[in-house]
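Heads up, there are several structures right after this.
Both complexes shown next keep chain A, but they swap its partner, so chain B is in the first and chain C is in the second.
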Partner chain A sequence: MDKLYESQKLAIWYFTVAIVLFGAQILFGLVGAIQFINPDFLYGVLDFSIGRMLHINALVVWLLLGFIGAIYWFLPKEFNREVVGIAIGKLAFFILVAAVAVVVLVYLFVQIGPGDIKTLWFITEGREYIEAPRWADIGIVAVALVVFYNVVATALSAKKITGITGVLIVDLAALFGLYLAGMFYTPNISVDQFYWWWVVHLWVEATWEVLIGVLMAWSLMHLLGSPRRLVETWLYVEVFLVFGTGILGLGHHYFWIGTPEYWLGIGGFFSALEPIPLVAMIIHAVYDAGMHKLKTANRPALFWVFAQAFGNFLGAGVWGFMQTLPQINLYSHGTQMAASHGHLAFFGAYVAANLAILYIIIGELRMRGITPQKGVKYILDSKAWKYAYVGMIISIIGMTAALLVAGFEQTLQERAIGGSTWQAYINAQEHPWFKEAMLWRLGFGIVFFVSYIILVYDILTIKPKPVKEEEIETELEVVPEKA
Partner chain B sequence: MAEVLGQLIIYGFILVFTAGFYTLLYGLGKVFNKRYLINISYIFAGAQFMSGIAMITPDFFTTFWKITILICIVIYLFVPQGMWYIVTRIHKYHEH
Partner chain C sequence: MKIGWLEVVVASIFIVIFLTLIFSRGSNWLEPRFWRNAAIFSGVIMTIFLIFLTFDTHRYINMGGINVPEPDVINNKISYVFDPDKGHYVPKIGEQEGFFGKIWSKQEAAALIDKGKKTIQSRNCMDCHTLLGNGAYYAPDLTKAWLDPKWEQLIIPVVGKKTKEEAIATWLQHPDKYPTWTRKMPNLKLTDEEAKAVVAYLKYMSAIYTNGFPDHFGVAAK
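Here is the complex of A and B:
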């Protein structure tokens, strides 16, 4: 490992923890899935509210760790030098991991508090998806600022700023700034929700999307050898499209939280337009796939990139649009349709991207020590990644479809027919469409977990294979010597 | 009302889903120079347009929302051609 940049070693640490948390996310998801079928399961030990919180928080944190890891992997390659503040970067990593461990232990063993200021600071803030206590929030912002500093300082030190890093710097500033909005306490629930959505929506549908655009731009350069000017042009197009619809698409979360009525029009209109850039991006994915005839050296990475393009379209585009217009959302919001949308959108947009980048890193790492031979190229390929890939895609679609059926039934039976009464809620939960859908969701959840095990096995064992030179167009990159 | 709501959700699903398949098949047809794929893609274009029309036909939505949906389905009709033009232009510009 002596020829790796310290930053790249740090990237590997980040991805290692990320993949462990990915496993934790799936396990807590399975517990929740069982509790939908048997509510007594772990009752009083790990209630659904706690398991669900851990399931979603683990998702957010592991994706974030993967993004930070990817930045630390690509940054020294971008500037041909070590990251400036690598020591503080490592310190931030250990603090973050320790903080995550402490927060998880508190979630598991303390779980809830009396709802006073001590609860907010030391147990949970109680805000859905970002329940981390205030001290951990401050830690997250501090770690994020360290990453921001490292990107800016490295660019300044190298006296070079590329289009990709320019977008990254602006995006990181927005990402950290927006997180502060989630720490703004007010007893007015409407005001509280108004700013809380700045974190949840604008992270997921604006700053994370752009961050993924940055990481995919680097990935395509290293995976397909795409010219820098080309990927940078695409990045600008993507930023324009995502921000053009995504920022005001925030309004679809403001329909029912006590905000003025004009948000119905603003949110609905821009939300209706939100799938258009996702559909448009399909053309680019198809063009790239066709031009390179899938003859890339890193098969798993390329296939996860395609899963990202199409998963984003399906999960965010199709599943988002069908419930985004306010007249429909009035009945569907908060049902399993939202969970269905969330599962496929997060998998498509972010999980697939993180796994693609992980395989790019693995490809470069495992090529080290292999002596090049004339007429021979190396590809990263195995049977296991294909099983994991197909298993994960089938099972996430299965879970999404099952949740969609359940949500559809809730929307009609509980909301439209039953009028959202408590009895209507109970009736909808007892309906065969709901109960059977939950069984299917658990089944596909187990398949997803098995696929995860295969994925981990593949990550640990996959190695480059020699092939004839004419069989592929690109080569696996080797981690460069230290500058 | 529940029946109309259920139909609208399904039409919304079909609208974006078929718009995506229209785009996918059009792109594949162009990349691999297969005319029949482009022809099949137009079936999906028709399906997405018709599902949009089906959404605005009942009185469920007001005029503003009907126009919004109409704008969307018209844009989707030209997304593949427009994006193909942009993609090929950008690639030609940067690769030559």
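Here is the complex of A and C:
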């Protein structure tokens, strides 16, 4: 490979926008964290509802942008050819970025509208996570179709299908198809939430997890040279476990929304099994890295892969399990315990994965133009990535722990003892345990933001370093500059 | 037909394992083919079960279904009572009491509920409150908010209205004028019609059968 595929350039654009939105996500999160302590902060200017919507929407969009970028990065390598519809892929990118900008501006400056269908089409749909107005939904579907087309058409033109791309195609079809379930209006809130979870749950707990399995499979092959047969078999095991537990695990969202009682058993049972595939992913990552005695050329990427494996298991698996059985969920549902779970799960499962892939891309990019020398190998390493890595992990754990304490307090004081009323809610929020937890959360939030700044600095500056041959087993690919 | 959760769990898992083993004959369990089959069948079979359960669930969640009332339930008195057989609280739909001083026809009630839902979405209620337990955690859960004792205890006297629905509507239009603690709900510029519709939606939502969530609402533990 001596030339960067156009598809890979597109991947870099996607990641650039993704990282900017990551920063926006953290900033809006900080605004919300401050408002929990001082409710007058930006009151009437950027109310909690607006800041919080931007916080979670920026999250969803930047993670999706990263996933699409990762697909565009690995796809031409997988098939040894340019992605077929690269021109339309670039067009879709610009449409998406323009649409995101318009949606954000409308969120910030229009915020809300009258209670009619026009508001749902042009300002906000007001449904948590998928607030994007309907016109933007249609845009998202169109862009998704372009990505899907590019994957399928490239596989067809290469006349081959690998296990990894087979899983990718099926998963993308399901992922984008499910988004349609979020694009309708009904006055019936039970039906509304029933299908809303098809998007939200079947994304983050099924199709996104499988997509991450695909991206981590590629990453491990590129980072550690793991054999394809092994990686693909593991991927099948993960798909089997994720779909086997996650699809009916959807039931854990159907406990209290007007749905029949059998969902308590079905949802409780399958969601209790949902951590199993995440354990499998840990075994996979640790086993592969152990086989290579950790001697990888791309240290930041490998460490983010580890953060992903453990973070996914702890955040999505353990923190999810903690509140998934209906007997506890009756009291913990809709408390800060969910926020605690959400923070660690999204960070562990998806943020870490995107950062790992970003470092893989950087590792390959910065090797371009370096003239190979005898007896010298190159590794990607710096001091800054370690500070960002440790800072982010400590602060996300800190936020998660603080929110967990707040959530336990709320579960017991407001729900179990207080009877869930308005006053019970206020009492729980005013409890010293809750208020103290909110201070800790803000403190760790600030540490997280500082770590983000260091991360951005590192992304811009990290360079391959020459090391003696015997220190490592693999090395970064040397790419001679072509005139 | 009544579906039992255990039957669904056992049947779905059994079918996945059975089909995987049948279609993987001749392969060793460590081979990619075995796990590819397992992945395909778990995805397909679980999806089929989900679709089947979705059809059944609609019998419960459609308006006028087993768990979700018709919009004109807003004409009736609604309470939340303990059902000793089930071991949890259930909404009880009582005699007609009217809403904003009148009895609403089926069509009128449906239009009002529709307006209420659109208003709730257009004002992003869910990014501070939880509805049926889902949403954000900056403000109280609204699942049974219609039944909250605070309306009688504090809001009716403060806003100076006679009925609960009028008091809630007035409060919703000026939450910044009547703060109940340090965290104030912002003024979301609800029109009279929208405020009425939101109150209707809160009353309607409180009549949904939610398997006992939230537990003992309005009754503090002794």
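Keep in mind that, in the parts below, the second predicted complex is superposed on the first by the 473 of 483 C-alpha atoms of A that agree within 3 Å, B and C clash if a C-alpha of one lies under 4 Å from a C-alpha of the other, contacts with A are read in each partner's own complex, and residues count from 1 in each chain.
Keep this in mind: contacts are C-beta pairs under 8 Å (C-beta built on N, C-alpha and C of every residue); 3 or more make two chains touch, one makes a residue touch a chain.
No experiment lies behind these values; they were computed from the predicted model shown.
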| item | value |
| --- | --- |
| Which superposed partner A:149 touches (first chain B, second chain C, both, neither) | neither |
| Touched partner set for A:387, first chain B, second chain C, both or neither | neither |
| Touching partner for A:41 - first (chain B), second (chain C), both, neither | neither |
| Partner chain in contact with A:113 - chain B first, chain C second, else both or neither | second |
| Chain B versus chain C as contact partner of A:276, first or second or both or neither | first |
| Touching partner for A:416 - first (chain B), second (chain C), both, neither | both |
| Partner chain in contact with A:318 - chain B first, chain C second, else both or neither | first |
| Larger contact residue set on chain A - chain B or chain C | C |
| Chain B versus chain C as contact partner of A:13, first or second or both or neither | neither |
| Touched partner set for A:284, first chain B, second chain C, both or neither | first |
| Footprint overlap on chain A, where chain B in one structure and chain C in the other make contact | 229, 233, 237, 265, 269, 331, 416-417 |
| Chain C - residues contacting chain A, complex | 3-6, 8-9, 12-13, 16, 30-32, 35-36, 38-39, 42-43, 46-47, 49-50, 53-54, 56-58, 60-63, 66-68, 71, 88, 110, 113-128, 130-141, 143-145, 148-150, 176, 180-184, 186-189, 191, 194, 197, 201, 205, 208-221 |
| For the chain B and chain A complex, residues of the former touching the latter | 1-2, 5-6, 8-10, 12-13, 15-17, 19-20, 23-24, 26-28, 31-32, 60-61, 64-65, 68-69, 72, 75-76, 79-80, 82-84, 86-88, 90-91, 94-95 |
| Of chain A, residues touching chain C in the complex | 32, 35-36, 39, 43-44, 47-50, 52-53, 111-117, 119-120, 123-128, 131, 163, 167, 170, 185-194, 196, 229, 232-233, 236-237, 239-241, 243-244, 247-248, 250, 253-266, 269-270, 326, 330-331, 333-336, 338-339, 410, 415-426, 429-430 |
| Interface residues, chain A side, partner chain B - complex | 227, 229-230, 233-234, 237, 265, 268-269, 272-273, 275-276, 279-280, 282-284, 286-287, 289-291, 313-314, 317-319, 321-323, 325, 327-328, 331-332, 408, 411-412, 416-417 |
